[in-house]
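Two complexes follow with subunit A in common, the first pairing it with subunit B and the second with subunit C.
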Partner chain A sequence: MMMKNDQLLALSESAIRYNHFLLDYCQTSISALSGCTAGIIGLTGLYGFLFYFICSILMSFVLVAFLGKNKSDYFLSTQSLFTSTIWSGLQTYLLFWTFLYGMCIDSII
Partner chain B sequence: MGKFVLTLGLIGLCHAAYSATQHKSYMRLTEHDLDSGSSHISSLPLDILVQTVLCLFLSCLGVIQVAAKFKPIKITSEWENKTWDNVANRTSFYSFNHRGKFLFSDVDSENQRLLSNYVNINRAENISKKEDYSSESENYSLDEQSN
Partner chain C sequence: MAELLLDSKIRFWVFLPLMAITFLVGIIKHYLFIFMSNDKTVDKQQLTDSQALLRSRLIRENGKYLPKESFLMRKNYFTNEDSGFFVKQKRQSTVKNPMSDPKAMTEMLKGNFLNMIPMVVIGGWINWAYAGFLCTKVPFPLTFRFKPMLQKDVNLVSLDASWVSSASWYIINLFGLRSMYNLVLGENNAADQTKAMQDQMSGAALSMPDDISKAFKAENESLTITEHKWLLKGIEQSFLN
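Up next, the complex of A and B:
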């Protein structure tokens, strides 16, 4: 339950939880994919981290465009789409980045 | 549609990774590799770069289309299309042994059948009784007609 514009708004907790889970799922997949891309391209150092943040924010924009006008039906704030999962995806990104970099660029083959 | 785009993006990414590896090994064999260590972005050809970034974008779109099936968070939207009977349904409190068994069952038709049987039996008895009378009355009527 929350108050909004002097009227009670009943929210389903399970739906909020499920939406956050789906958002986390999308973010994890996209950080893995962008890690692969960074590894293949052969980014090193701060450029790699910059690439991650650009990809993550771009993904959030795509998600906002995908949800369109009725995104307030699914999320309480648009800001949470951008910031809620950005740090948890960084570890996945690092894992795939170093793995693919080692496989493609640094390989002995 | 989403699955197709996702598969296309993943296959493209794999192909780009393979191409990058091939290019790198070729560069190493021809000993061009030594001067590229200084730059942060390795000297991949432009087509592999473009293919990688494009496939990343495609797979992002695919993932979002496949996975992002959000639920509306308002509780009223969940209950909009439900009747009160569905919302207040408690299976543990079902009671089957109530008057509805007799109100809505085939008791009436059963009674009807019994009643009709009873009537039929009585009618049959009546008919069998009547037959005795009627034979007499027929004779009587025939007598009347002859008169």
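Up next, the complex of A and C:
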């Protein structure tokens, strides 16, 4: 994917894009799943948002652990693993959280 | 403020169907798009031109992996002052009016058709069939400013801002399910209505440059000023170490 040569880096753009697509894929899955979970157990308010951030940061840590020391072969910066998709995933999370909360919690319906 | 209670039938006849409809319409749209799109026929001259432009761009970007002679040879082929490809080719500027080309017209109509049908028909139908329901409550408190966004066509001043009306629930689904389509249908799917709208606005749908001679001139200039920078210097050493 990438090799180090003095200071210059040789990158394959399509590979980078594919890696980011996979990262996005993971993020969407985690958002949907954690949104469902939060809805079913009936989290409200700040706890729900906290739950999302904990889940997605946990996912990033799992990815870091999974890639191990090959990490720099796939992603340029470790930071992008944590921050690049967290906001786009929030939308999916909110949708599923609201949906399952509305479906499961009897106090409002 | 008194707590509001919704009929549980709303859950199964409004709340759930809206999400299912939005999702399934997106999927149907994706497959209709695949079904209806046929291969475009491009004429030979245009294809040659766009391939030349593409090749020149690749040389600019990846020329650093080529030996110097190879790079200069390619650069010379394109930008030589007397016989370069970009200099020699004389194209009359063909800024075609898309209205006069029936083939482009059909393509455009088809694309618009597929985007407009779900937007207008489904949206209109949902507005008509599910008008005026409160569907659900978002599980977090919101400020008053969110009321017009979440409570479309329910104009109750004293209602708490966390309640969501059916029309708004449809719109939330429309935007929120975007990344789910990526998950289900793959990356470049046609289900994404909002992306298609953005494309229409910015005119990104037209990938072929209209005025080819102008594009040639620009590409000629940018290739001329590109210097060769050898990236693989000392690559043997670094591989052996």
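One rule holds in what follows: the second predicted complex is superposed on the first by the 98 of 109 C-alpha atoms of A that agree within 3 Å, B and C clash if a C-alpha of one lies under 4 Å from a C-alpha of the other, contacts with A are read in each partner's own complex, and residues count from 1 in each chain.
Methods note: a contact is a pair of C-beta atoms (placed from the backbone, for glycine too) under 8 Å apart; a residue touches a chain by one contact, two chains touch by 3 or more.
Quick caveat, the model's predicted, so the values are computed rather than measured.
Visitor: Name the contact category of A:44: first (subunit B only), second (subunit C only), both, or neither.
Guide: Both partners, subunit B and subunit C.
Visitor: Examine A:94 and indicate which partner it touches, taking first as subunit B and second as subunit C; both and neither are also allowed.
Guide: Second partner only.
Visitor: Thinking of the overlay built on chain A, is A:75 touched by subunit B (first), by subunit C (second), by both, or by neither?
Guide: The first partner, subunit B, only.
Visitor: Looking at A:67, would you say it contacts subunit B, subunit C, both, or neither? Reply first, second, both or neither.
Guide: First partner only, subunit B.
Visitor: So in the superposed three-chain picture, is A:29 touching just subunit B, just subunit C, both, or none of them (first/second/both/neither)?
Guide: both
Visitor: With both complexes overlaid on chain A, does A:103 touch subunit B (first), subunit C (second), both or neither?
Guide: Touch status of A:103: both partners.
Visitor: Is A:21 touching anything from subunit B or subunit C once the two structures are fitted on A? First, second, both or neither.
Guide: In the superposition, A:21 touches subunit C alone.
Visitor: Following superposition on chain A, which residues of subunit A contact subunit B and also contact subunit C?
Guide: Residues 10, 25, 29, 39, 42-45, 103, 105, 109, which sit in both footprints.
Visitor: Could you pull out which subunit A residues touch subunit B in their complex?
Guide: 9-12, 15-16, 18-19, 22-23, 25-26, 29-30, 33-34, 36-37, 39-45, 47, 55, 58-59, 62-63, 66-67, 73-76, 100, 103-105, 107, 109
Visitor: Name, in rising order, each residue of subunit A that touches subunit C in their complex.
Guide: Interface residues on the subunit A side: 4-6, 8, 10, 21, 24-25, 28-29, 31-32, 38-39, 42-46, 48-49, 88-89, 91-92, 94-95, 97-99, 101-103, 105, 108-109.
Visitor: Touching residues of subunit C toward subunit A in the complex: what are they?
Guide: Interface residues on the subunit C side: 4-8, 10-11, 15-16, 19, 65, 135-141, 164, 172-173, 175-180, 182-183, 187, 231-235, 238.
Visitor: Help me check something: in the complex, which residues belonging to subunit B touch subunit A?
Guide: Residue positions touching the partner: 9, 13, 16-17, 20-21, 24-25, 40-42, 44, 48-49, 52-53, 55-56, 59-61, 63-65, 67-78.
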